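To keep things simple, chains are lettered A, B and C as they appear, and every chain counts its residues starting from 1.
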Amino acid sequence: MNTSYAQLAHALQPEIILADGAVLVIAFDLIFGRHRPLATRLAASLALGALTLVAAFIASVFVGPIGGFYGESFVLDSFALATRGGVIVLALLTLGVAAGAKVMRNPAEYVALILFATTGFTLMAAANHLLIAFASLELASLSLYLLAGFDKDRRESAEAGLKYFLLGALATAFLLFGFSLIYGMTGELALPRIAAVLAQCGMSPLPALALVMVMVAFGFKAAAAPFHLWAPDAYEGAPTPSAALIASASKLAGFTLFTRLLWPGLGALAGDSSHALNPGGWITIVVLLAGASLLIGNLAALAQTNLRRLLAYSAIAHAGVMMLGVVTASLAGPGPLFYYLFTYGIATAGAFGVIAVLERNGGCQKITDLAGLSRRSPLLAGTLAIFILSLAGIPPLAGFFGKFTFFALMLRIGGIASPTGALTLLAIALSAVSLYYYLVVLKQALVEPFASEKPTRIHVPAATALTLLAATALIIGLGLCPSLLLTFF
Amino acid sequence: MNLLPCTIYLSFAGAVLALVAGMKSSAAARAVALLTAVSSWGIALYAAFGFTPSSEFLTLVNVPWIPQFGINYHLASDGISLTLLVLTGLAATCGVLFSWNIEERTGEFFAFYLALIGGVYGVFLSADAFVFFVFYEIAIVPKYFLIANWGSTNRQYGAMKLALYSFAGSALVLAGLLWIYSTGYASSFGLDQLAQGAATLSQGAQITVFALLFTGFAVLAGMFPFHTWAPTGHVAAPTGASMLLAGVVMKLGAYGCLRVAMPLLPAGLDFWQPVIAGLAITGILYAGLVALVQDDFKFVIGYSSVSHMGFVLLGLAAANPSAVAGAVLQMFSHGVIAGLLFAVVGRMVYERTHTRQLDELKKLPLHRLLPFAAVVFVIAGLASMGMPGFSGFPAELTILIGVWNYSAILGVLAALGVFIAAAFTLRVIQVSFFGQSGSRAVAQSSDAAHNHPLPPITWPEKTGAFLLLAATLLIGLKPDLLLDWIVPSLQSPLMKVIFHGGAR
Amino acid sequence: MKCLLSTLILTPWVGALLLAFTPRLSPRVTRTLALLFSLSTLGLVAFAWSGFDPAAPGYQFVEQHAWIKFLNVSYHLGLDGMSLGLVALTGLIAPTALLASWKIERDPRLFNLLFLFLQGAAIGVFLALNFFPWFICWELSLVPAFFLIKLWGGPCASRAAYQFVVYTIGGSAFMLLAFAALFAATGTFDFVELAALARDGGLATVIPSPALGTIFIGVLLGLAVKVPLFPFHTWLPSAYSEAPTAASMFLTGIMSKMGVYGFLRILWPLFPSQLHAAAPLLLGLALAGVVFGAFAALAQTDLKRMVAYSSINHVSYCLLALFAVAGSSSFNPDASTAALSGALLQMFNHGLSASALFFCVGILENRSGGKRGLLDFGGVRTAAPVFAGFCGIALFSSLGLPGLNGFVGEFLVFRGVFGLAPWTAAIGCLGLFATAFFLLTFWQRVFHGPQSPAVASRFRDLSMLETITLVPAVTLMVVLGVCPQLLVSLFNPLVTAWVVHLP
């Protein structure tokens, strides 16, 4: 086993920078921020955090793709590299969201937690080993639990944190159980070697049990139905930037981790994708999860009056689409999946950014709280429209192309008459349904007048404005030129 | 010709500019919008003058866009698309003129408006199914906001209904396109490659995919029984938007049927031909009869649009050169005439009298209060009922010729449709503008004209009306202008298969 | 003169356009201008007449230019004896009608504009030899007629106008389909080419006979409504009686002739065998028109409606003659010639007499403050002897008194029909008697007897203007009655040719 620490240190530069940055943020605040107003401390922490993220991003570009290292415990292929960059960008967006959100106590800790979570995400992106995967997932998850419950002034935040933690812990238990079964069967922890062993023995009840365990955990983490129940409450109660991070970067890292686990690791147990309903592999489970998420997410979203819960159900529906991406990764590689995850993350984080600013200016829970937004702040209304339309999958925005490729690939896998074909048609039909609730949101923002006569203008902090504009530019730019990302793979 | 893609870019740029200009002043936004619409129309006309009719689908731009999925940014044009481009330019320009009085959030209005136009131009120029679809969807979204924000009666309901119908339709289209691409193992989304891919599908699959594609497009074209969005949408929309909606957006659907659904899947066309023809004729007759009993002025026009689009679909369904050429001509004609009718009803009458109820309009001596509007509406109404000398006539005649070749019974029913159209148009003319026309009413009416003077017709309205009237008259007297473009295009390799499928 | 026929059509339209774009002219100037443009037809017809050679076969002054390539449409105009007679009639009736409406106060500009438009369209119908331009004029003539009735008509004018136009368009829609079908099979819209095809049997070879039958019915419907042929006449009484005087004059004088003209120019040459097959039925319908028209007129107490019903009766004579000729299985050239000449004469005569009668009824209505009941008048002869004289001539011409023009036409029709379908002619005589009866009733009730209050108080005799209006028509009635040869010579060769080519 080649365990070169120098190579490890070189390859993990971004993680090192992130972790150091997190400590630095806390230390800086501890030393200089004691008696300063909260807003100043927040600004300073955010600036430091942003610097850290930029540095980490540069470092990750600088490191480049180097393949497997540290005894194949990690892998830095294009997928990992993209995800690493992606989560850092999304974390940066989250900081931008935080800049416009309600100021909470202990801002430095908050920023530091975001950085720790990001460290977890980047490690998840590169993990190629069951233990590394588990550890990095836990690092990220624990940070996220704390972030969800961070607003100590609000009961809802505590409730969100607790719920998220309890169900997350349950998922962790399942995952650990699944991992231990896999280890027990194969005697290996690194994914390539697990794959090699599994290719020999094939499917039997024991690996099936392991698969179910892993998939349940996957379902929990991805908020796929029927394991989605924590998501609406967490999205509703968590501080807005936390919700943005949970919805965006965590999804990206989680799906990367599980895709790597499923395809390179457990690919031998995938089953026949064109006859996915023949019980034979994890694709069956993924397809079922996808179908359930699409149905429940889209239909439940129709009934929502709370904006955050609506976004949560929309996230569940999107998780269903992402599951399709996982299935199709065998055909076209992880490129389209990454594209979808990344652009979805940007759009959701952007939407939460708008919510955050609104929250600071009088609350934003109900969809009707958006009324008159176009008068109160054309910037917020305009960017929100772009984010929502991208989530709805309207071309030429990025959300469309992601869906489009998944659908095309799904149909190509099994033809139209197969379960994958039927699932695709279902997804297409439901994406037309989803238009309704997205339009309801936009109707409030762009059409309805403000409740009281005199609409008050909303001041958008410069950093947040910049973030929102950057996110909009990314959504439009990547939508117009998907090749920018796809050529990377 | 090579300038044609600029119509798209110009419109989108105009949209952004109008948004920016609108923050300063409404007048600036208007000016930007008018300038954009006129210049893109100018480009279309310039291309039209230099156009030598041929059967070639002339490529304008073809660059790889998303090579990973074989998607090229491929724009091309032939006589059919040129016809519709010229129509779009005309409708857009007149629509801006008839939206001149929009004071509330002017910049946003014209931004949405021009974005819609840009999408429409894009659809008419696309030679790649992906590009087509992208522009198609771009054209749908602004409609919702135009109606929901600046519309009138029941606008949010109308806007939502319209948007959902459109999106449901485009979901069907998407499913159909993906089906061909994926299971036909097409090498790209270019229409010709897709056609090759489609040919490898089984008979049953071709039939099913055709149903998906055609239905999806036909929803937007207002085919019975998927037409119900059209009247409510048209009624709710602000004038400029209903002009575009009836004038060009419904054409998007018909164009999609003609450009995508029919050439890709001639076998499907062959199978579904009787059904489509039956639905089209049902739409013509049903919408005509409904229009005959409406109490709302605008609903009459809305249903008349459905009825006239039924002729387009009938022409397409008959699938022979004459009928299809007639259908394209009818697209142009209906675009102009419906625009004119909506302009009179929505802008000239409603904005002044604030009612569209025929019962109330009947009590006003409108032809004396608004003589210009009355004259325009009468002429437009005549054109709409297929009076010879106006563009609707050669179109309907050509369609009838083709339909007769396909089925005599359908021809008879279509003639019945022409008759019903005449009946409801005439009814609405006489009830709306000439409700008080007898000798006795005249004395009262001159009083009324003094007591309740309505604001006079403004210059943008007059200009717009003249442009549209001139167009319908010109094409009515010289349909060759367009037919010379359309007919050779139908002989292109891609289009010819329609007739093989249809001819049996 | 190369574009004489185009000039004939376009001059009134130019006048209409001129009026449309000169809103500020005084009513007097407007009227004069309109009258001048309207009279232009008469002048041009005179010019055409002088250059017209009745003996030459085929059409004269032909203009033909390609128009729509895809539909093989050409701008094809031509003149033969029949159309020359009808254009002359138009040139006569139109200015007369304008004179009759000289006193209209409301919107004279619009009135005259619509009238000139109508005049041009009617001329176009009589001259066009291609379906496309023909149909343009055919349909466009409805528009001004609609507005003339609606805006200047009586209390129920809206309904009458709507009914009139919807009926007519209903027929036209099917005619349109029929020509679409003909084009689909033959690739031409040209009447001359289609007639040639029909003559040499080409039409029957390209179109199967049931389809051809349907096409025939379509064309028949369009024309029958316009004439109108019983039972498609229900729009007529209300339209004629609600219309303002001038419009009634034009409707009955010219527009009903457009239908008859269509029968002779289109239906018969294009579908001889279909017409032959349908002739017994159609003959029955025409006969019903003759008889019921007369009896219905007899039952009217409203003078205008009475004249309207008499129009149905009179126009049906023309169709009676045509159907008798088309339906006869034996070859009887004398009878056929007589019947067709009679029909053509009758068209012209009825135009003169019916429009004069409508004008007279209009005068009665005008003088009595809107009354036009049969019983509202009495003793007009003593109050207005000149008027009574003129009106009497018109009445007796319409009645068919020998020595006046009406007699010649009806006589020829009946002579011909007796030779071809004796029983029909016999029954048709019933109509003749009824006509005589109601016209004499008219004459007696209105002009004789004690003066009714309406007449006694304020009935003036004809004014200068009204005399000028009536003189040309009345003169012609007498002249043509004495010397029908003037007109018959015009279309005699034509009729002979038709009879020779009878299938």
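Following the convention adopted for this analysis, a residue touches a chain if its C-beta (ideal position, glycine included) is under 8 Å from a C-beta of that chain, and two chains touch if they have at least 3 such contacts.
If you're wondering where the values come from, they're calculated on a predicted model, not measured in any experiment.
The remaining chains, with chain B left out and nothing else moved, group by touch as A | C. Taking the CA centroid of chain A as reference, the farthest chain centroid is that of C.
Located most centrally within the structure is B, per distance between chain CA means and the overall CA mean. If you average the CA atoms of chain B and of chain C, the two centres end up 42 Å from each other.
In terms of their C-alpha centroids, the spacing between chain A and chain B amounts to 42 Å.
In terms of their C-alpha centroids, the spacing between chain A and chain C amounts to 83 Å. Shared interface positions of chain A, i.e. residues touching 2 or more other chains, are not present. Contact residues on chain B toward chain C in their complex (touch as defined above): 322, 325, 378, 382, 385-389, 393-394, 396-398, 400-405, 408, 411-412, 414-416, 418-419, 422-423, 426-427, 430, 434, 437-440, 442, 478-480, 483-484, 487. The touching residues of chain C, when paired with chain B in their complex, are 67-71, 106, 132, 135-136, 138-140, 143, 146, 150-155, 157-158, 161-162, 165-166, 169-170, 173-174, 176-177, 179-181, 183-184, 211, 214, 218. Of all residues in chain A, those touching chain B in their complex are 332, 335, 374, 378, 389, 394-396, 400-401, 404-405, 407-412, 415-416, 424-425, 428-429, 431-432, 435-436, 439, 442-443, 446-447, 481-483, 486-487.
For chain B in complex with chain A, the residues that touch the partner chain are 23, 65-69, 105, 108, 130, 133-134, 137-138, 141, 144-145, 148-149, 156, 160, 163-164, 167-168, 170-171, 174-175, 178-179, 181-183, 185, 205.
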